[in-house]
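Lettered A, B, C and D in written order, each chain numbered from 1.
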Amino acid sequence: MTSVVSVDSLCVAYRSGGREVPVVREVSLEVAPGRTLALVGESGSGKSTVAATLLGHLRHGSRVTGGRVHVDGRDVFALPARELRQLRGGTVAMVAQNAGQALTPTMRIGRQIAEAGGEMPVVDLLDQVRLPRPAELARRYPHELSGGQQQRVAIAMAIAARPKVLVLDEPTTGLDVITQRGVLDLIAALRDELGLAAVLVSHDLGVVAHLADEVCVLNAGRVVEAAATRRLFTAPQDPYTKRLLASVPRLDDPGLAVVNEAGERTVRARAAVPDGAPVAVAASDVTVDYGSARAVHGVSFAVRRGEVLALVGESGSGKSTLAWTLAGLRTPSGGTMSHEAGDLGRPAPKRPLALRRRVQLVFQNADTSLNPRRSVGDAVSRPLRFFGTATGRTDADEQARRLISDVRLDPALADRLPAQLSGGQRQRIGIARALAGEPDVLIADEITTALDVSVQAEVLRLLDDLRRERDLACLFISHDLAVVRGVADRVVVLRRGVVVEEGPTEAVFGAPGHPYTRRLMAAALEPDPDAPGLPEDTPEWVDAAGTDGIWTDLGDGHRVRHWQPVNTPVAEGVS
Amino acid sequence: MLSFTLRRLASAVGTLFLSSVLVFLAVQALPGDVATQILGKDATPDAVAALRQQLGLDRPAWERYVDWIKGALHGDFGTSLVSGKGVGGEVAQYLGNSALIAFVTVLFAVTGSLVLGVLAGLYRDRWPDHLISTVSLVGMSVPEFVVATVLVLCFSVALPWFPAVVLYGPEAGVGQLLPAVWLPALALAVVMAAYIVRMARTSVIDVMAGEFVTTARLKGLSTWRIVTRHALPSALLPTLHVIALNVAWLAGGVAVVENVFNYPGIGKLMLSSVQNRDLPVIQAIALVSAVIYVVCNLAADLGAMALNPRLRTRGRTR
Amino acid sequence: MTALDTTPATTAATPAGPHAVTRAWRALRSSRTALVGLAVVAVHILVALLAPLLTSYDPIAGDASQALLGPSPQHWAGTDQYGRDVLARVLYGGRYALGVSVAATLVTVALGTVVGCAAALRGGWFDDLLGRVLDAILSVPSILALLVVVTALGTGPAVIVLAIAVVYVPQVVRVVRGAALAVVPMDYVTAARARGESTWAILRREVLPNITDVVCVEFAMRASWVVLLISSLSFLGFGADPPTPDWGLMVAENRTAITVVPMASLAPIIALATLVVGLNLAADGLAKAWGVDRIREGS
Amino acid sequence: MPDTHLPGRRSVLAAGAAAAASLGASWLLTGCTGAAAAPGLTAAALPGTPDPGGTLRIARPPASDAETLDPASSLSAYEYLGALYNRLVRVGADGELAPDLAESWESDAKARTWTFRLRKGVTFHDGRAFTSADAAYTLRHILDKATASPQAAVLAPLVDPGTLRTPDAHTLVVPLKTPNAEFPSLLTHYNCYVIPDGSAKGIGRTGTGTGPFKLESFAPAGPGRVTANKDHWAGRPVLDAIAFYSVADMSARAGALLAGQVDLLSQTNLDFATARVVAASDRATVTRVKDAQWYVLPMLTTEKPFTDVRVRQAMKLAYDPEHVVKAALQGAGTAGWDNPVPPSDPAHIAAHPAHDPEQARHLLKQAGHEGLTVDLYTSSYDPLFTPMALAYQDSAKRAGIRIRVRTAAADSYYTQIWMKKPLMATYWFTGRPVDQLFTQIFRSGSSYNETAWADKEFDVVLDRARAETDDTRRRELYGEAQTLVIERGGAMTPMFADRLVGISREVRGYAEHGFEFDYLSIGVKGA
């Protein structure tokens, strides 16, 4: 069976400041009709560039310096403009990463889909991608749809003209776990139904394991390994692939995975928290409002010294709001928050200096957390002098260098500007800055989300070491269950501002009591091709925390909020 | 959508109120007592006092301000100190003449600059872009009176196609003024277009680099369809505000050009009223210009709303 | 640190972080437009300063018998109606235009930057009120505002600097506030706020360093507009008093003689245009070199 | 960051070239016409006879927004009057009185009752015949309080409207309250144009007169047009029509002339710079009206130090009028030697004390004002004030008098400076009859007495001259009056300057005297 897509020794280079920077080096791959090939690699590996060449598209300023791309037998880059347009119209279609940006904001959905050609009426297409009330939706504008709905519209647009090849560039990045799972299942169903050849670009090994038939691993523009999915996951040959697979946290890891040079993976057990550890910070019945809407409905939790408490939930669950409220950057509308050294109710600037330094926040996005115009050392020494930890300028600089080495970075980096550091390095400087006030509570707001898998593992391990060495109470916010499993001692699961389940990590992950927790766990994709599909048995439920008590206690601090199944299946409306 | 317009209207009225206060205070600060200005030669102290009393100048400032605003609301701006005629009528007449220039200018400038801006944006870094950017740069660097002077040199003196100077008074009909409108309009259009071209070019480049344009291109659409259907509506949005600001600038910019062509417009009246310290006329012109500014901005906002569905459907939730 | 820690390809590992100014200068040198622009402006400044050396003619004293001569070996740009050498007046003319415009721009941009940053940082009612007042000032045409101020206080250079500040500060505030608003939500500002740093400290340490590029571009752009405005003022007879040599005034004076000695009007026009083109090129070059979106912000 | 990529090197050069080219081209286009040598000021308009017909386009400053065609009014639209009306008596080219609607006139022995024989067969534009009733009505209209005519101040002390008699349709008898031999000369003023009987209410708009042109259209401070009156009693005018444009701004009027949009600038004394430009242009030129402007440096005789006549005489002897003429006017005028009566006036006497700085210094020492320092006010109201002031300062320095020249704002010059500061610069049009000149400006208590001079002997001489019927005797008396003004008056008259009138090179037959030009003979070449 001849392949519908064949790329041989493709080279692409990007011109910047007079120098030619190679992005893709001699990449060759084949895709047969009906099969799905995944392009895997970290950011900057050139996977998106290769995918785009299938449609003859190159980013502004880059050009093909070698090799050829054939789609459906035709050399894409040799096609005249009109035939290239026909190819893009009918033979190969692409689903972009961030659908919100990829849809024209000033045009109704229906017209954009109709524009893509093909005989299928728009309403049927919308139905095919399982979108509710298709007729009414067609008249809406992109900004009026949710992330998941926008992505489904993009898919409808791609399959409108019945293409032979579907290119998916990180189709579900940025979507919540449950929505992501829904979109992936839709893609799999359409692929089989229409017999499409698909090229999936992703950095998420779970997505790849779930969807791809073959996998091609890219590193810095070069193909390091290509094999059938099962064989690659079970017996990776190339050391880079091995390390990549090893550093992905697994749901069933009892602790943090440590990966050595050769890629062997050992899981480090978590240190138990001493029973007598004092409570560093406690929140009781905290509520936070955004204008008229209430983001957090009466949440209570406590974090003891040396313990890592994880707040888990989808976007919009209020976990970041809680973190920022604790750090004093938002004022709660109810409930109390207290710390050994005083009441945390007041906003940070108004808290006494002694209390202020004790609770520190580490930000999610490493790029914007450091002042680009000041050296990294400056960013750390400023709080040192502000909080009085260091007396003079020289003392502050010297302590700053020591802190930088504490976060496992070369102190010589102190004079560099943030732009000259990698994402991981910048995040560690963020942590060093937080440590400057000698805090006893550290709040980590999704600090690993923006990082590549390998870098993520190191930062987590650093956090784990620090809380042990410095006996820190650590509040860890994340939506990635596998990461939480590895680093947290106790877990609190949040849904729309309400705690649905909490307890020790082993208990919650071992035997999830609440249906929502179970659904989250099931939707999380393990990097293991033969992981079970989405179990259909999770019943629909509705909250039942009524007058007769809120919690059912499952022992040893593991509690679940009352709920009851709902027998009549509500129309499966996708939010 | 309605709530957005209402809020926008309320802030427009607020701005107008504030600028009327500013104008009133600024004009009161002008030196030279109004009464002595009128009486001139035989300004004996008692005659001055009598006139001040007659004009109500001895009343406290805020009382006079309230009278002025009440009058202004129904078109009565008091009487001019120089001509003795009703200020409202006079300003309306001069404004009408200037509107003639403004209309032609906006017609030339906006259409011309949008076309050029889009062209420059589409042919980025190629010769059309270089040519248009260079011309707009020079256009922006030369003040209106210079462009007007050069136009007079070329098209009135060397080639007597257009009148160098307007010989008619403010009450001249459109027929008499029409031949004299083209050069001032062209002078203003050159300067105004220069700004709009640069704005249009930047936003076209911005939009064409947007992801949705790439998606449209990867859907196999023709370049023309991509530009007109997908790129232009979003590209025009930021340009609208620059156009609105420039139209409002016309109320001031006209003064210099009208002085060159002795054109009986609001600009010329502004200059003469300041020279003669004709306070009611100055106040009236400032207020009218403020209204024009606010109306232009409002029009730009409403235009933006028409173009940008995100604003229009803010109310509807998912 | 395992080998996996792939430093992104674009950030070349340079030695110790260069000081901000040298970094800015290196970026500037890379943009030809900025260099050409700054060169033109430099030439104008030099000519204005060295005018007495470049021409032996007195720009003010006129000789009636030498009036209205076309360009000739003795008078390269001919003479005006009063018999004064046009070239001399153009050379000296730069002094008034450059002197007043640089002073006016400095005052305006400095004031505008402080107010703009404060508005962006403080936010809330202060920001709204300020926005409303600025909008009111902007609604009055700049020419009228200038005329009123100049008529009230006379046409001395100091008055003109004040008048221009009154007219242009609102626009500078709007641009700087826009730039500062882009910086304020950044996490490093939030972190500083969480530490409890004072508004002034945040402004000085965190916000200002990040908008200096916008402020510099705004300075160059505003200077070009101020030169235009000053020449328009002189043209209308509200700027420099005769017989001081000023380009706007020269165009006004020689306009009637344009049919007889066009050069008497064209020489100041060319001088004015080249200076402003220079300033604009510098502003555009700076904007591109430092990645500031000059056009969108400044209307 | 959007890439606002701007022109690379190639187009930056293009920018420089484009700017220069676009401006330079227009310069080459017109061909630099700057004449090599400084353009001399031609003496008079181009000679030669005009072609019949054609339209003359005049740019004029509007008297005011409420200007009117009523000749007697202070807001009369000055340029229209000469075209629409005639007077009883007018001033001839030689400065002597000449008949207009009055063919002849004579007075009784004591010059108290004047009889005017009116021209027959003259009709107004609306066809009605001109009779003595119209002439009488015109005088009554001028003297009527409601008209508030400036000329009333001159005629009211002489004429009682009630005593006018019209014995027959073509004779007007005017009995005077006090004898005045110069009475007919007072009727040459442009307020005295004849209007139809009973037309006061409408004349402001209709402009019905007996003049060479009929009114076609008139808008106050706006455009207007008059067409040739075919059956005019003194013959059809050369032109078909005259179009009037009111342009308030002086440089705009000059611009219109240079661009060929108008043919004549009326009531505009071009400053030297503009005059040189107009003279050098190929479409227009400058014509000169000899001694049309009388420049004065009035000293307030009621203010120290000018209360002392010796100081006044010293100030006059200290400066040399010839120097002032050369420095301020580059010779385009004649020295005044402090005599307000211009040389062109028949009553002018040539005698005057010579320039004597030593005598001035001696007189000042005598008066105790050694090393006198005094402020001389000037302004840009008229282009020649400052040059005259500087020339006087320069000349008076030799006599040890230090003059400080102060410039005042033009728009408030005649409200804050004139008749208020001890020494300032001002000017008048010449062409006033000698009696009107002395009565209005030098008689004690007169409204325009800018030197606040009150000299009994001068008033007596003036009254005797007015009553003297014998022409030669009367002229001697006016001569005595002039000598008194020169010796004891407060007004220094350094010079009479020519008025420079901007006119198109196509205009022929332009002759101006006594405020107006000859509407009959003026025409356009190549009409």
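As a working rule, a contact is a pair of C-beta atoms (placed from the backbone, for glycine too) under 8 Å apart; a residue touches a chain by one contact, two chains touch by 3 or more.
A quick note: this is a predicted structure, and the numbers were derived from the prediction, not measured.
Q: Tally the contacting C-beta pairs at the B-D interface and at the B-C interface, and name the larger one.
A: So, comparing the two chain pairs, more contacts are at B-C.
Q: I'd like the Å distance between the centres of chain B and chain D, where a centre is the mean of that chain's Cα atoms.
A: About 43 Å, centre to centre.
Q: What is the distance, in whole Å, between the centres of chain A and chain D, each centre taken as the mean of its C-alpha atoms?
A: 93
Q: Between chain B and chain C, what is the separation of their C-alpha centroids in Å?
A: Going by mean C-alpha positions, chain B sits 23 Å from chain C.
Q: Taking each chain's centre as its mean C-alpha position, how far apart are chain C and chain D in Å?
A: Going by mean C-alpha positions, chain C sits 50 Å from chain D.
Q: Which chain C residues touch at least two other chains?
A: Residue numbers touching two or more other chains: 255, 259, 262, 269, 273, 277, 281, 284, 293, 295-296.
Q: Give the residues of chain A that touch two or more other chains, as numbers and ranges in rising order.
A: Expected reply: no residues.
Q: Would you pick out the residues of chain B that each touch at least 2 other chains?
A: Where chain B meets two or more other chains at a single residue, that happens at 137-138, 141-142, 150, 152-153, 157, 198, 202-203, 209, 275.
Q: By the document's touch rule, what are all the touching chain pairs in this structure?
A: A-B, A-C, B-C, B-D, C-D
Q: Looking at the complex, which residues from chain C come into contact with chain D?
A: Chain C residues touching chain D: 32-33, 36, 64-72, 78, 80-83, 255-257, 259-263, 266, 269-270, 273-274, 277, 281, 284-285, 287-288, 291-296.
Q: Please name which positions on chain C make contact with chain A in the complex.
A: Chain C reaches chain A through residues 1-11, 13-14, 16-17, 20, 186-188, 190-191, 193-197, 205-206, 209-210.
Q: Taking the touch rule as given, give the residues of chain B at its contact with chain D in the complex, in rising order.
A: Per the stated touch rule, the residues are 40-41, 43, 83-85, 124-125, 129-131, 133-135, 137-138, 141-142, 150, 152-154, 156-158, 160, 163-165, 167-169, 171-172, 176, 198, 201-203, 205-206, 209, 262, 275-276.
Q: Taking the complex as given, what residues does chain B use to touch chain C?
A: Touch list, chain B to chain C: 11, 14-16, 18-19, 21-23, 26-27, 29-31, 137-138, 140-146, 149-150, 152-153, 157, 195, 198-199, 202-203, 238, 241-242, 245-246, 248-249, 251-253, 255-256, 259-260, 267, 270-271, 274-275, 277, 282, 285-286, 289-290, 293-294.
Q: Residue numbers of chain A touching chain B in their complex, please.
A: Interface residues on chain A, with respect to chain B: 55, 57, 60, 84-90, 93-94, 96, 98, 101-107, 115-117, 141, 143-146, 149, 154, 157.
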